[in-house]
Structure formats: C-alpha cells, structure tokens
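Let me begin by presenting the structure, written as structure tokens, before commenting on it.
Naming follows writing order (A, B, C and D), and every chain is counted from residue 1.
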Amino acid sequence: MFPGIDGFHWTVGHVVFLLLFFAVASTILGTVASAAWRTAHDFRSHHAIDLCWKADFAELPEADRRCRHELSGRVISRTCDNQFDCRTCQNYSHFAVLPATGVTQDLGLDYPADRLYHRGHTWAKPEADGTVSIGLDAVADHLIGPPDSVEVPEIGQQLDVNQIAWRVRKNGKEVRVRAPLEGTVISIGGREENWSMKIRPRLDVQDPKTTRHLLRGPEVHGWISRELERLQLQLRPAGTQPTLADGGMLIHGLIDALPEADWNTVLADTFLEV
Amino acid sequence: MSARYGMVIDLDRCTGCGSCMVACAAENNVPALPQATARTGLTPMLVRRLSNGLEGNLGREAFIPILCMHCEHETPCVHVCPQQAVEVDAATGIVMQMPQRCLGCRYCMTACPYHARYFNWWDPSWPAGMEKSLNPGVASRMRGVVEKCNLCHARFHAAKEKAAAAGRREIDAADYIPACVEACPTRAIRFGNLADPNDPVAQEAHSANAFRLLARIGTEPKVYYKSDEAWVRSMAEPGEQSGSPVRSADNSRNQSEVQHV
Amino acid sequence: MSSAALADGRWIARGEERVSLPRFLAWLSPWVVVLAIGVYAAGLCLYYGLNQTNMDNRFAFGLWIFLDLGIIALGAGAFFTGFLVYILKRAELRPILNTAVVVGFICYSGAVAILGIDVGQPLRFWFTFWHPNTHSMLTEVTFCITCYLTVLCLEYIPIVLRNRQLRKLPSFLVFEHQLHKLVPVLAGVGTLLSFFHQGSLGGLYGVLRGRPFAFRQGVFIWPSTFFLFILSAIATGPSFLMLVTATVESVTGRRLVSNDVFRRLGLISGVLLGIYVAAKSIDTLIWLNRTSPSEGFAAWQYYIYKPFGTPVLFAEIVLFGLLPAFLLTFRRTAERRGWLLSGAALACCGILMNRFVMTVQTLALPTLPFDEFLRYTPSWQEIASFGGVIAYGVIVYSLSYRYLPLFPKSGGENSHVSGN
Amino acid sequence: MKFSRRDLLVWGAGAAAGLVVTPVPWKLLDDTSKWSQNWPWIPQPARGPVQVKQSACTLCPNGCGVKVRMASGWPVGVAGVASHPVTRGALCPLAFGAHQLNWHPDRLRTVRHHGSPASWDDARAAFAKACGEGRVVVIDGYPGRAASAVLEAFAERRGEYRVVRGAETRALTPYEKWSGVPAESFGYDLENASTILSFGAPVLDGWGAPGRFTRLWAERAAGQVDPLMRIIQIESLLSRSAGRAYQWISIRSGSEGILAAGIARVLLQEKLVKTGGPIPEVTLDEAALLTGLDATAIRELARTIVVRGPVIAIANDNNPSVAALNVVLGAVGTRGGVVRRSKTTKVYASADAAIASARAVILDSSVPWNFVPQTDAEVFRFAAWNGSPTKTDWFLPAPGFLEERTDVPTAPTSGVETYALAASLAKAAHKTQSCAEFLVSVDPSLSSAEKIIHTRCAELFHAKRGNLHSREETAVAKIASAQKLEEQLWSGAVWLGEPASGESIRCALKQWPAADAGSPSDWTASWAAPVMPPLASKLYQESGLRESQRRNA
C-alpha cells in the first residue's frame, strides 16, 4: 500500500477507496482525541469538578433532589434542576419572596440555628474572623457514631463545594463527606471536636450569595424530617412498623445497632453518594 | 508483444494414465502427505473420470485433466482476493497465485467454478532425505495458503533468463513447456500461445470439436478441450444433460460395432 | 451476607436489585465452561492449522462463515437503533439503546474473533490493509468491520465508565461525559460503515460468477444481494433486540422497557421485513428466470438435491419472512407479547436461514456437470468454537447487565437523557 | 526542571505519533510479512544450478529413455528423452516421481536375516557356506544385462540359472514352443501393424514400453501418420484400453481363447487368409455361446480385421489360441507382426517350475516381488525396497533407482534390438550391492558386469551395425573408436539395431492348441519395485484414477 512494497500497483479504485477509509478512520480517531482533549481541558479549567457533581447529581434518586423551597413548604413540589446551587438559580429570588410556613418542631436532634446546612449532612458556621467552621451534622453523627478512622485533608488544601472533603470509615464502610463550601483548610479539630475544621472561604462570607445554597431555618426542619422518614423506612427490620413514628430519638451509632440493615443504600442516600 | 498461453486437451487421446498429475506434482514440489484425502490433497493437475452413465457394453468413459483454466474475463479468483495475492500476468495471460501474500481466507476457492484451487491444510513434509529430491526452481508452500497451477511459471522464468542471456527479448517456445504437457505420453495435452494465429494450438482451439468448460459463465478460460464424441462434449455445460443420467453417446463411431449380449 | 457479596454490591448501581453473587456465578459457570472449551478448540486450530476442521478444498467455507454472517446480521440492531435515535431523533427508543450497543459489540467482536481463526495465516491479517484489492468485497468487509468494531468499542466505553465504582474516578467520569457528547458522530459513522459492510457481506456471494446459485445481477458495482442483506439486517436487528430484552426480562423477572418500545420495534421490524420479502421475491424471480439461465443453469438444477429442496426457498421467504412481517406489523397480533415475540423469533430464524443458504448451499451444489453434490459435517473444533462465541456473548451481556446501566433505572428516567 | 508523570504521558504520546511518520513501523510490518513466510520447519529445496543428464530407466525391463534433472548432485526431476528412438519422450506415470523412490520409507537399508538386521559379511558367509554345501539356483527377472551374464556364469558353475518372465514375454512363449526360437528374441513390429487385435492386453495402459505404443497410437489413430492404426480391444470390462480403442468387444471373461479360435475358424473357412492352418474344433455357435457374442458378430469381426492389414493379435498371457490366431493370420515372422529381432538361440529355463533340489536360491533385485520361488532352500533376495513379506531368509539391500551402473538391453516387446547404458546418478546413504557384485565378491574368478559391458561395447563397435541415437543419429560405422561409442552410451545415447528382417518363423502347429487356462501363475508385473513412488500412490489415491492400487505395497 505504501511506496516500495513489491508487486503493488495503484489504481483509481485504490485512491477513492483509501481516501474514504482514511476519512472514516480519522473521524473516529478524531472523536476520541477531541473527547480526550476536552477532558484534559475540563481538568485544567476546574470544570471537571462541576461536571462530576452534575453527573452524580443526575444519578441521585428523585427524592434526594427536592428543591429547598419544597422543603420549606414554599412550593408544593419541585425538583432542583440546578445541582443544589441556588447561587446561580434564576428562580431563587422568585421563590425567596414567599413566606416560609410550618412551625418549628424539635426532632430531638441538635440543629443550632446559627449554622447553615448542606444536603450532604454537613454544617457551615461563618466565624467573625471571616473563616468558616464546617462539620458533620447530627443525623450523620447519630448514624455513624464514633468512626473507626477518618481521612482528613491536609492543611492548606483547596476544598470544592459538593466535592468530597473528607472520608469517614466505619465497619468497613466508607462515608464520603461532601464539602458545603469552597475554601482553603486552615485548621482541623481532633476527635473531641469530631474533626470539624476551619476553612477560609474563597468568596466573602458576608455576601449572602456565598452561602445561599445552604439550608437554613424552616428548610432545615423540612429537610431533616424527610430524612428521618426515609431512615425509618430504610432502617426498619422487614415486616415491622416504623420505629420513629412518634419522632422518637435517634440512638447514637445506629450503624452498630442495626447491622443487618442495607447500609450501602442508607449511607449513599444520606451522603448524596452515587 | 504479450502472449496468451493456453492449452488444448484432446480427450479422445487421454488414457487417464495420470502421468501429467505425477509430473506436475514433482515439478511443483507437492508433498505426498499420507493424511491428505481426495478432498484435502493438493492436485494442481487432476485427472477426473467422465462416464456416459450407461451400463454394460453401452457404457463409455473418458478422462478429463482439470487444472487452472487461467480465465481471461473477470477472472473470478482475481476479483475476490482481498489482498492481490492473485494476479493475471499481463505478459503471459497466466493467472498467478502468490502464496507468500496469501492470507488463506479461501474466498478464491469458493469463487472458482472449476475447483482448480487447493489449500495447504498441512505444512509440507517429506520422508527423511526426500527434500533433497525437490525441484530447486519452486519454493515449497507453507500451511494455510492457497495454491494452484501457474503453468509451471518457474519454467517460464528459466526460459526468460535463457533468452535474456542470449540477448533475445522473446523466449524460445521450445524452452517453455509445462511439466504436464511434457509428460503426456499421447501428447493429448497441447500447449501454445493463443494470441499467435500461426500457433497450431491456437488454431486447434477454434476447431469444430473444441469446447471449454462452463463457457456460458463467461470467464473465457484459456484451457480448451476437444473430443469427437458428443457425449463428452456435452460435459461442458450443466444444462446439456437435461438432468437425465443417460447422455447421447456418439453413435457415428462405434455404436454399430458394439455387441449386444 | 458474605463480604464478597458486599464487595460485589458496591459495584452494582444504587437502587438496582440484582441476584446474589453466588447465584450469579452459578448462572455464569456453565457458560464459562463452554467458553473454555471453545477457546481450547480455537487454540488447536491456531496451533495445528485448519486441518483441525472438516473443511476441505471443495467446502472451503463452513460453519464459521455462516456464524459470522449470522451474528453480524443480528448485530445490525446496534447501528440501526443508533441511527434511529441520534440521526432520526426517535427518543422513544433510547431505553434499548445501551442494550443495542452491547449486543452489537458482542456480535461484531465475536465475528472478528472467529474470522481470526478461520483464515489460514492469521499473522497476515493486516496484509489486506497492506495490499488492498479494491475490487474485492472482502476488502470492503475487512475495512468496514475493523472500523465499526472500533466505533462499537467507543460506544461501549461510556456505558462501562458509568459503573458505580469506575465513575468515582473523576477523569473517567469526565471522559465518559465528553465522549458521550460525541456519540452522535460515532453513530453517524457507524451507520455508514455498517450499511456498507452488511451489503458487502451480501456482495461476498452475489459476485461469485462461478457460483450461479449465488450470483446475482447488480446495480452499479453491487449485486442485488448487497441491498438485500442490508435490508434483511436492519429488518431483523430490532427483532433480535426485542428477543434479547424479552429474554432478560423473563430471566430477571422484571419489566425493563415499556410495552410501546416493543411495539415500536416490532413495527419497524415488521414493515422493513415486509419490504425485504417483496424485494427478495422479485430478486428470486429475476434470478431464476434470467440470471441463472443466462449462465447455463436451469433453476430446477438447484433444488433436486435433498435436503435443499424448494421447501427451503418457501420457508425462507414465506414462513420466515412474510408470516413474521404480518405478526409484527398488525395491531391484533403485535399487541400480544406472545405473538410479537414469536414474530421476532421467526424473523431471526429467517435471516439465519438466508445466511445459511447463501453460504452452505452455494458450496454444496455442483458447478461442473460431472461434479457431485457435497456434504460436510463440522468437526468438534468448529462446533466448540461456535459455542464459545455464543457463551462469550452470554457472559459479556450478563456482566454488563449486572454492573452497568443498560436499562433505565426502575422508576427513574433514562440516565442517558440527563447525561447529555 | 521536574519531570512529572503528566510530562511522561505527553512525551510518550508525542513519540508514538512521531514514530508513525517515520518509515520504521512500515518497514517492520513489511518484514514481518516476509518473516511469517519463512518458518524454519518448512523444508525448502536447495538452490543450485540444474544440469540435465540422459540415461535409461531401470525400474522395469523396458528401459525407457529418461532425462534426469540434477541439482547439487541429486536427481530432482525425471522426464522422457524426446530423441529416444523407441520411447520417443514418453514414460510411464510412475517414472515421473521415481527420483523420490530412493527415499521411500520402505527403502531396504540394512541386510536383514529373518527380520533382524545383519551385516553384509554375515550374508556373504552364509551364502558361501550354502554354495559349498549344494546347488544354487540363481533367479533373474531381467535377462540380457551384463549383470545377468554374471549371474548366468555363476549359475553355470554352481547350479542353475532361471528367468522370471514378464507378462509381455510370457505372451510370446507359445511361439517359442512351436518354433524353438526363444521368447526373448521375439518382438512386435507395431510400427508397421495397422490393426491391433488385443485380447485383454492393456495396450494403452502400460503395456510393453509405455511410450512406444501410446505415441504410435496417438499419432496413427488420429491419422496424422500413415498407416492408420486401429485397436480392437477384446475384454470383458471397460478398461482404459477398451475405453479409448477404436472398437471394444465385450466378451465373457476367460473366453479370449475361444473367440480367437472362432475368428480363426471363420478366416480359414471363408478363405479370408492365404496361409493355411489347423481348423479349430470349436464351432462358431459354441464360440458364440461361450464368448457371449453372437455368431454373426464373430464372423463380422473376422472380416473386419483382415480388411486393413497388417493385423496382429496381442494376448495378455501365454494363451496359445491367440498365438495360433497370429499363425493363421500369417502375422508371425512378417512385417507388422510378431518378428524375430535377434539371432540369439538361448532358451532360458523358466522360474515357474518348482525347484527340486537346491541348497540356496538367490534372487536378483529385478525379480518382481510377487514372484515366490517354490522351494524350501535358503532364499537370498536382493531388493532396494521392502515388499510384501515372502518366504525369504536374507534381504540384501540393492541399489535403488539411478544408483546402479548397468546396461539396458532390448525391451521385451521391442521389434528391434536396442542397447543403452545407465550411469549411476545418485548414491545411496547406506551400503548397497547388486546381486552381480555380490556374486563376484563371493567368486572373484567371475568377470564383473563392468568388464562385460566394456566387451559388449567393443563388440557393438566392431560389428559396425545399427545407429547411435543421441541428440542426432549417427551410424556406428562412423564412430571413431570403441571408447567413443562407450562414452556416448554412458552419456545417454541409445544403440538401435537394424529393423527385424522379415525372415519367416516356422511354427510347427499341427493341430489347434488346447485352450488352456492361460498363465499358470498370476503374477504379471514387469515393475520390479514393490512400492510406487510416493507421489504416484498419493495422486492415484486422491484422484481415484486406479481403484486397485496395482504394484503398491
């Protein structure tokens, strides 16, 4: 086929045929190449992170993708189409003007009002010095209990919102905890502070838009009660009645208490894992 | 000027002795493999038996040597080979098979209506020492490639070299005679240049009793047969026998002399 | 539950119920055995050469070529569905898109594997690219199939990368995302390629001037079989997809795609099959009355040899062509699962029979008047390799079904829609 | 600068891409194609210049002229010598692959005594001992050679010389009986015969010197050369000869003699022949009944054959009736009939008779394998190839094809005397010895075959008769010296005597011979090798050309 190969003669047929073939072949290879190049480009321009979160978000079950305004009762039913990022949500203001309904009811869980909550069961607390403390919330705490091990980021590491900030291991299961905010880790608490860490956020915390995507007030309540319902259903032994019908207390370290439950699903649902 | 080598095989002279087969196999270093059968062996030249299908002393038989017909028009094998391992040599009209370029897909074998192509199902092998008796002009083929009659191209090559050495461009016809032609004891197989109107073989190819196998398929074989007997000629085309086993035996020759029990 | 089973569970997409690992392995094991035997047989053929088969100089093609033509025809569902979804934008067929890709991938890779054994000099496979003879249908087939297999791999990769564990690697996930955006391009290329090599496979026999049983007059450079093969392939491809899906549904005992997807596939298959039957009948008449006699072969000569009598011709066109076309097209039958699927099954049998007749009967019939009708029975090595390919298909499909998102999540919308 | 993994990947990809545009991968690809064609285990022929030698075939007593292509000292091809006066370039199918015979797996490579290997000295000692103890019968399958003369000379001193006659010679024995002229000096003047009445003789299927008759028939049946030749084949089955004959007459098997008698009766009664002869007692109707023909057909046949003379009847066995028919036809000792080609009067004892009293029997390698001496003496058998097991005490490896320096006397059926020499063109890997050499080594007082050949050449030279045929024809009278003559013979020339003088042969045929049952023993092969050349046996098996594998071990 190439010059110098004995006994091969070119014909018009060859030219046409080979041109066609190479056109096709290069199209195919070009496709792969461009896909690869775009991938590399996404990584360089930090798009990769968003894309991953987008993809994961798309894989989340319907129930996990409710809009915060549905949780707060401002709307009857709405599926978030913005990967939980209210900062870029064009409808946010439109919903925000509506008053939140529903009364606050103690669920026997400690959700301080001075904190903002992420759907991956983490809280964020803006400090006076402009830093933010973040940590696992009560539900997560109760589910996991004292972890076997924790894998925390290094000091100075960049955290991205919705990306895996740290990992908690318990009974051979890994919980991947998503970060509520983007920023730089500046200090990490020990076991007693339950590894809650301080970060310096990339954006100004005083600007409300920075934390707009995090839940607060009535939304928290709606969200938690939904979460508890889900847990009831998922954790009840087969054929028994819901255990928390009366809104009874979650026991600490539930994962040890109910070893036979399908924790893969429970943890995945709880921590927005795909 | 380019030649068109071809053959005329006089079936009335073929006694079916098989000299052509043996000479061909010896010339082309065909191995005698014990495991080869009638359907897996290599027989670039194969003598087959014809019968007029009649019983007793009405029965007639003839023998027909089958080799590559070196088709001229839309040569079936040349067209199908995916990698140009088969080519028609423009200078000689010989359909050349190049085993060293053959993939062994056997598509050409399905394409050939004359079953003149053979596949090397085994690696060639000879009893200890016998490889000393191989013809140095022809390389042995390995397992997994197709081969066939190439009109003893090695002999053509030798003739070419001889001519070149003598400073001639055309070869001397006497120098190039395929092994089967040389071997035939009754000179039933005649070889010549069909492009040369003065060549007796070319003239014979157009005689009344000359015919070609499956001529109606339109591949223009360069191997002609001839016979005075109608029933033998009727073997050329499938339609002729009209399905009945009884074929019209030529009475002109010896029907009257056939004795009835 | 055993820790192994748990580990396996982490690989299964969330919210999907699959049988326990032991049961799954139990299901796989017999197929693995068949595959192992097949690989051994193929090894024999590669090591000792094709004398391991029962093919010979007169029956130069055998079981394997039939297998190749058969499964490639059945695999046509892949490119055709891709074509319908991406080029004709028939979104309603998305639910079976992934399964179509996997089936196509299996069929083509299996065919290529068998071709690799079937040639006498596998080491020289690339000679075709080295000294291509552009007149040969086989060259076209080789080029197209190699390209299209690459395309199928590229279409298969995104599905693999969506596996629950693999997706955790960000680069995979992003690559999958980007590649998937370009899949329409691949679908387009794939359609072009498949169109040509499905045809060339038909041309493979249609051009055999020396085999009047297979030889057909042509349009431009292609014999009529070129187009008949394309038509029959795209007609039965959807039917085969239906069969596969239905089989999976019955094995897993859960409804995977909605009924109207089936109905839609059935309609496409049925209508195309109807067109094919019409074309095939016309072609057969032309061949019997014009093409073949002009070559000196009377039509009856082909059908005096048992078992290849005229009933074969009848079965191919009516029983396995016309009948399924009706079953798949008309509402009365097509709305009943049973009728629909039996129609699909008949259609698939029909195409297999057509490929069988084109390959095997062509070689069995005599050409020279003093030839005899040939018989050939495959050796165990041929049959074993054949079985090996089937087993390979079942295994790959089972694994894909268990670990990859082949069908839309039960309840949820199709993952692919949101993927784009 | 730090070299990260990413850099490595980029570099690798770049290198790969760059490599493609260099000739390296393409060259490698092309090389692999060549490499994949030259597996070490595929035997390839040794390259080398090819030279062509002429010689005479010694596989059977017909001594056809062979052209042997030699490469690096080994025969690599056999073909006919077009200039050969008798065979004219034609050979039997077996000859074309005969150069492979010497490597046949059945080649006899060591002396074997009762199946176990032994040494030549053992054999010689055993034979010498036997010679000391009693008579030795020497059996020859190819009389007339110098080697035969050695055998004969040895036998004269130590016992008896007997000859195994090939089928063609056996057919001539009746004339021997009636005229006293040895069958060995009779031949058929086919070149001048016009009608050939073959009683089951495979005239077109390896009868006599194959090339001689097939060439004649091919030319003259086609009418290219006059006179036109017609074969009338009388045979029960449609044989090759019958299939191609001008006329095939199918009769009951074994009734050839009766038909001959019937024809003779018609000829004599209707005075269709000038020569007289005893009228067979079998009547036409009896003949018709026994042959399965009808009387008119026989009469018709008799009339047909005399229309176009000379006519000659050829039998497949020593059937006296067919011979008698020739006498009646006047085809004995006349042009185009059975002729006496040489003056020799020596009649050899036939090997058929049982060997009464002998201490040892020694068989030359020319004796066909299916000949089994009827004796209980110790049997020494020379052979180049193993045959079917026979009662043999000693197997002695003889030279194979083209391995022996020997002379080639006139072929059994030839109408004219010929003489040729066969040089040894190949050498066996193991020690071989011809029967003659062996006998000389036992009795050194004998003169060797070489010497005899030498003297024979001298005699030829001094007789100044006949012509020498090599590429061109030269009269012996014109040849300078005996050495020259011998040299030319060694290099493949053939001496051809004058055509047989039409001297009549007096056959004392008083009454019609009793139609006896033909040949007493059924072996008919003139081919001495028990095995066929591998190619021949393979091709016959694959083409189904010869259902019964004659002569094949």
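Following the convention adopted for this analysis, a contact is a pair of C-beta atoms (placed from the backbone, for glycine too) under 8 Å apart; a residue touches a chain by one contact, two chains touch by 3 or more.
Since this is a predicted model, take the numbers as computed values, not measurements.
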| item | value |
| --- | --- |
| Central chain (by mean CA position) | B |
| Between C-D and A-C, the pair joined by more C-beta contacts | A-C |
| Chain A and chain C: spacing of chain centres that average the CA atoms, whole Å | 42 |
| CA centroid of chain A to CA centroid of chain D, Å | 99 |
| Chain C and chain D, separation of their C-alpha mean positions in angstrom | 63 |
| Distance between the centres, which are taken as Cα means, of chain D and chain B, whole angstrom | 28 |
| Sites on chain A at which at least two other chains make contact | 5, 7-8 |
| Where chain B touches two or more other chains at once, by residue number | 37, 41, 48, 84, 101, 123 |
| Touching two or more other chains - residues of chain C | 121, 124, 127, 130-132, 135, 139 |
| Parts of chain D lying in touch with chain B, wherever the complex brings them together | 33-34, 37, 39, 41-48, 50, 69, 71-72, 74-80, 89-94, 96-97, 99-100, 102-105, 204-206, 210-211, 214-215, 217-219, 222, 238, 240-241, 243-244, 246-250, 292-294, 297, 429, 533-546 |
| Chain A-touching residues of chain C, taken from the complex the two chains share | 3, 6, 9-10, 14-15, 129-132, 134-135, 139, 143, 147, 150-151, 154, 164, 167, 170-171, 173-179, 181-182, 185-186, 189, 192-193, 411-412, 415, 418-419 |
| Contact footprint of chain B on chain C as seen in their complex | 49-51, 55-61, 118-121, 124-125, 127-128, 130-133, 135-139, 142, 204, 207-212, 294-298, 300-301, 304, 362-363, 366-371 |
| Residue ranges of chain B in contact with chain C within the complex | 35, 37, 39-41, 48, 50, 64, 74, 76, 79-85, 101-107, 109-115, 117-123, 143-146, 213-214, 216-219, 234-241, 243 |
| Touching residues on chain D, where the partner in the complex is chain C | 29-30, 32-33, 36 |
